[in-house]
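Heads up, the next two complexes both have subunit A, just with different partners, subunit B and then subunit C.
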Partner chain A sequence: MDLLLQYLANGLVTGSFYALSALGLTLILGLMRVVNFAHGELYMLGGVMGWWATTRLGLDFFTGLLLVAVVMGAFGWLVDRFLIERIRDQGEEAGILLTIGLSIFLANTALLAVGTAPLKVEAPIAASPAFFGPIVLTKLRLFAVAVCALLIVASWLTIHKTRLGRAMRATFQDPMAARLVGIRTANVYAATFAMGTVIASMAGMLLGSIYSAQVSVGGLVSMKAFVVVILGGMGSFAGAIAGGLLLGVAEALWGGYVATGWVDIIGFALVILTLVFRPYGLFSRSAERA
Partner chain B sequence: MRFERNGLLGFLALAALVPFVVHDQYVLHIAIMVLFYAVLATSLNLVVGYVGEFSLGHTAFLGTGAYAAAILSTQHGWPMWLTVPVAGVLAAVMGALIGAITLRLQGPFFVIVTLSFAEVLRLVADNWIGLTNGPMGIAGVPQPAMLADAGNLAGKHFYYAVAWALLAVSLYLSYRFVHSNAGRAAVAIRENRYVAQSIGVRPLTYSMLALVLGAFLSGMAGGFYAHYISFVGPEMFRFAFMVSMIIMVLIGGKGTLLGPLIGALLVTFLEEYLREAKELRLSIFGLAVIAIVLFLPQGLMGFAGRRRERRLAASGGASGAPGASDPPAAPRAGQAAPTPAGRLA
Partner chain C sequence: MTFSWKPLVAALALPTLCLTAAAQESVKIGVIQPLTGSVAYNGQAFVAGAKLAVEQRNAAGGVGGRKIELVIEDGQCRPANSVNAAEKLIQRDKVVAVAGAFCSSATAAVMPVAEKYKVPLLTGVSSKADLTDKGMQYFFRSAETDRLMSSTFSKILAEKLQLKSVAYIGVNDDWGRGGVEDFSKDMAAHGVKTVMKEYFDHGATDFYTLLTKLRAAKPDGVFVAAETQDGSILVKQFKEFGLNTKIFGVGSWATSDFIGLTGEASEGIYAAVPYASSMPGERNGAFVKAYAAANKEKPGKYGAAGYNALNILMEAVGRAGKAEPEAIRDALRKTDYQAPNGRYRFSEKGEGYGFDVVLVQIVGKEPKVVAEAPTEKP
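For the complex of A and B:
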């Protein structure tokens, strides 16, 4: 019983990390309909830059996080304006290829720059354990979960309560109508991509302080993020969170009770089942997006 | 159509001449890889180019074929002429299974679920140690007995001949498929799924046919690869293979039979040539992919087709009708037009 509780707690912690790493993708894939295969590389860049900022520049964690967010936001904006802009109306295929090319480029250029070794991002607090009855978690993980929740709430508020968020929702419902009422849709697209990039890179830095930032991690992160986004339904915040938690718990239980080697198969099995039976995600009620 | 057929025959004829001229083992190895990749790219093109769905799980069939050939020959002692076709058949069965599930989906869903299947198979290959020997892979896939006392060069020549035969079979089957009613039905689905359905073309049937044929061809290629390299590991299912295949199809031009051949030739040589640049190689590769998407979206064949069309239109305008109705121009024109499939999905 205690073991079950521990597995559940571990699963929920990992699940909230999954949710955060998938959040950027759910914006880009769900709203912009760009199947972003470079998502994992954006996450990786966040981690690597976080390492660089905290160990080489000697900044503290939060200043580093801010720096990463600003730099990666600008990077995302530029990627959208100079690359994705040009293939906007050509269907998914062009986007898939473009982002595959981008991910190959980013991963290997980063490899040239920092090498394959795992890089440790300086954590803001110590990794000492905290006890809750029979459950043990490190304080660092609890802190990370809190930051995850904060980031998720902040992005939800941005989308639903600000002027920019309203422009985004209008643009993705009907770009033509949005242009007619004076929204600069090109900026909105760029802002959405930049926002997705910022969330991905912050996730990368945050999780880089718990695990480690590694150049080769991109592909795995992309795959997990796709799993979460499909499970939760594209473009849905609640879905991304629920999908992340579900994946985390399912993996923890499977790893604990069945076989550790096969853990990664859970996600893909869930995706295949979801797409066959509920292609618009486990939690979406309507078949069509807004 | 005639241009395409002549092009394919010309490519095969030129490829048949290579072993008479080349006696360098390294160059022969590259030539064999070109043929191997040409088979793979052709098989992927059947799905990507003619059904118009973007499959990222084609390595599933390649890997199935390679493992089938490796297991049948190491554990059951089957000879190579039997394992390669059986590998193709098993991969085709896998294609039918996967297709029955995935082809009901379109657009990004199809992309991700095919990728998931390839990943699942990779994990199975990694973890089902009893069958696949896990991450260690299966080493020492036997060579055909007749190569036992022949030299290395003769071995390379033998494998070149096998690869050439595989490519010939692939091109023949693809050509027959593409220019049959089934192939035209598949193109109709690619161009407009709903119109095709409304005139009685069942999307599932024809896209399934293309997928199973593609799986069969790449399964045979996998079987060949297992014997040639004589080692099979879970990395057969890796995304890297997939990336090479996609780049070949797209550089050459999807939806044309000649395109993937040109792509395979170009990319294999480029990869070999850029080996000099070592670490920079993959970065340059990534940039190349981006450049292709931005500047050459229909591939080299699409580019050539557009130029040809323009030239024909110009000469046709000056001298009257006959030039413009030249038969090869018609199918080219259809292919050069941007496919609306992505937007409809």
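For the complex of A and C:
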């Protein structure tokens, strides 16, 4: 019983990390219909910049996080205005090729700049164990889960309660009509991509402080994020959260009771089952958008 | 006044001629290591060691008056990429010998290619035991096999750490599984009980599930087969989880990066390694100094492996007296190389032996040598 509780706790923690990692991807996919294969690399850049800010510039974690958010937001904006702009309305293939190219470019540039060594992001609080009855967690992990929740709520509020969010939803429902009522759609597209980039990079820095930041981590992050997005349905907040938690708990239980050596199998099995039985995701009402 | 252009032309042409002659004469040695991907960091260390060996050799006049030139390719630890790299090195760059690859599965794939073109292949890293059992005529290994490590260390561990029961954790590949199997078998022969065997995937970041299982198994000691990146995260989470069991590991555990990444959590862990920068001896002292000057860090297992592998190959080229693969292969068989960590020789199968392996404990962020033993001829 104690074991089961610990497995569930582990699964929920990693699950909320998965949810946050996937959020940027699901937003960009759901709102813009751009399949962003560079998602994992944006996450990686967040971690690498977090390392640079906390160890090289000597900033504390939160100032570093703010810096990462600002710089990566500007970067995302520029990527949209100068790259994605060119392939808008040309179908999904062009976007896929573009983002794959971008991911290769980013990964190798980072490789050239900081090398292959794992990098340490200074954590805001110590990783000493915290006991809850039979369950062991660390304060740092609880803190990270809280930040995950905060970021998810903040992005939901941005999209559902602000003027910008309304403009985003309007633009992606019908760009022509949005333009007719005076929305600058080019800016809305750029803002959406910037927002996805900011979330991905903040996730990268936050999780970098728990694990470590690595230049080569992008592919793995993208893979898990795609699993979560397919499980939850694209563009769905509830889907990303539920998909992330489901994946985390399933991996923890599989690892705990079957074999830790084959946990990645779980993600793929879930994806195949979802595609067969609920192709729009567990939480998506057929063609709903965010 | 008569003016002859001839001496002037000759004077101008001479250095150019010399340069082209020297360039033609340089002997090319190929290196296949993972420069990207999850073990890239260790591959880069191998390359750093290899470069140091070549620089030192070239500074001392090269081999038989000819400079050595390294041609480095990225094999990504994948069989397919490593085979492509080998084809390119042998066909296009015309290297006389190849050092590589890193991962055992990649090396196993490159071996038939080296055999086909009759080019000597020396791995300084791949430790899967059966690589030398395939009857390859051009394959050599200057690395410890898991079997060799296991039989040398099991006795020391069982007696020194007084272990009664041990849990085994390994990375989910040939090397990790092989290490866990060999150690658990040899430890069992010394009366140590196995309470758990678990594996995790390359690049895994969260080990809490595994640690939960470990806590429930209540062992005296934990054996871990993992490389720097995975291993450091595992040890960190191990301490976060509030576990205080003795840890002993194989892989690159005694390196300064491992200790830096793991931080406080590295204190007190044991590592069974073929090389540690704190090994005694003048040769090692000089090597550590030169490596640290070039790379701003002390050499670890892979830095030393790269250094030794290239020195063995260059000595063989020197003994062969000509840059022909077949002559180099014959010369390799007669290797007797004084390394920073002992004396390398090869058995008939191309298996290296004679070098020392050490058990270290990390104390005050430095690996302290606890026990040292030479490997015996297999």
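Convention: the second predicted complex is superposed on the first by the 285 of 290 C-alpha atoms of A that agree within 3 Å, B and C clash if a C-alpha of one lies under 4 Å from a C-alpha of the other, contacts with A are read in each partner's own complex, and residues count from 1 in each chain.
The rule we apply is simple: contacts are C-beta pairs under 8 Å (C-beta built on N, C-alpha and C of every residue); 3 or more make two chains touch, one makes a residue touch a chain.
All of these numbers come straight from a predicted model, not from anything done at the bench.
Regarding the shared-chain residue A:S216, is it in contact with subunit B (first), subunit C (second), both, or neither?
A:S216: touches subunit C, not subunit B.
In the superposed arrangement, does A:G255 touch subunit B (first), subunit C (second), both or neither?
After superposition on chain A, A:G255 lies in contact with subunit C alone.
A:Y7 contacts which: subunit B (first), subunit C (second), both, neither?
second
Which partner does A:L111 contact after superposing on A: first (subunit B), second (subunit C), both, neither?
Touch partners of A:L111: subunit B and subunit C.
Once chain A of both complexes is superposed, is A:D264 in touch with subunit B (first), subunit C (second), both, or neither?
both
Considering only the touch criterion stated at the top, classify A:P129 as touching first (subunit B), second (subunit C), both, or neither.
second
Under the stated touch criterion, which partner chain does A:Q90 make contact with: subunit B (first), subunit C (second), both, or neither?
In the superposed model, A:Q90 contacts subunit B only, not subunit C.
Going by the contact definition given at the top, which residues of subunit A touch subunit B in one complex and subunit C in the other?
In subunit A, positions 108, 111, 259, 261-262, 264 sit in both the subunit B and subunit C interfaces.
Would you mind writing out the residues of subunit A in touch with subunit C in their complex?
3, 6-7, 10-11, 13-14, 17, 108, 111, 115-118, 120, 127-129, 131, 136, 138, 140, 207, 211-212, 214, 216-217, 220, 251-252, 255-256, 259-264
Please name which positions on subunit C make contact with subunit A in the complex.
Checking each residue of subunit C against subunit A gives 35-38, 40-41, 43-44, 172, 198-201, 203-206, 208-210, 212-213, 216, 228-229, 232-233, 236, 240-242, 257, 260-261, 263.
What part of subunit B is in contact with subunit A in the complex they form?
Residues 54, 56, 101, 104-105, 107-109, 111-113, 115-117, 119-120, 123-124, 126-127, 239, 243, 246, 250, 279-280, 282-283, 285-290, 292-294, 297, 338-343, 345.
If you look only at subunit A, which of its residues touch subunit B in the complex?
Per the touch definition, subunit A meets subunit B at residues 29, 33, 35, 83, 86-87, 89-94, 96-98, 100-109, 111-112, 219, 223, 226-227, 230, 234, 259, 261-262, 264-265, 268-269, 271-272, 275-276, 279.
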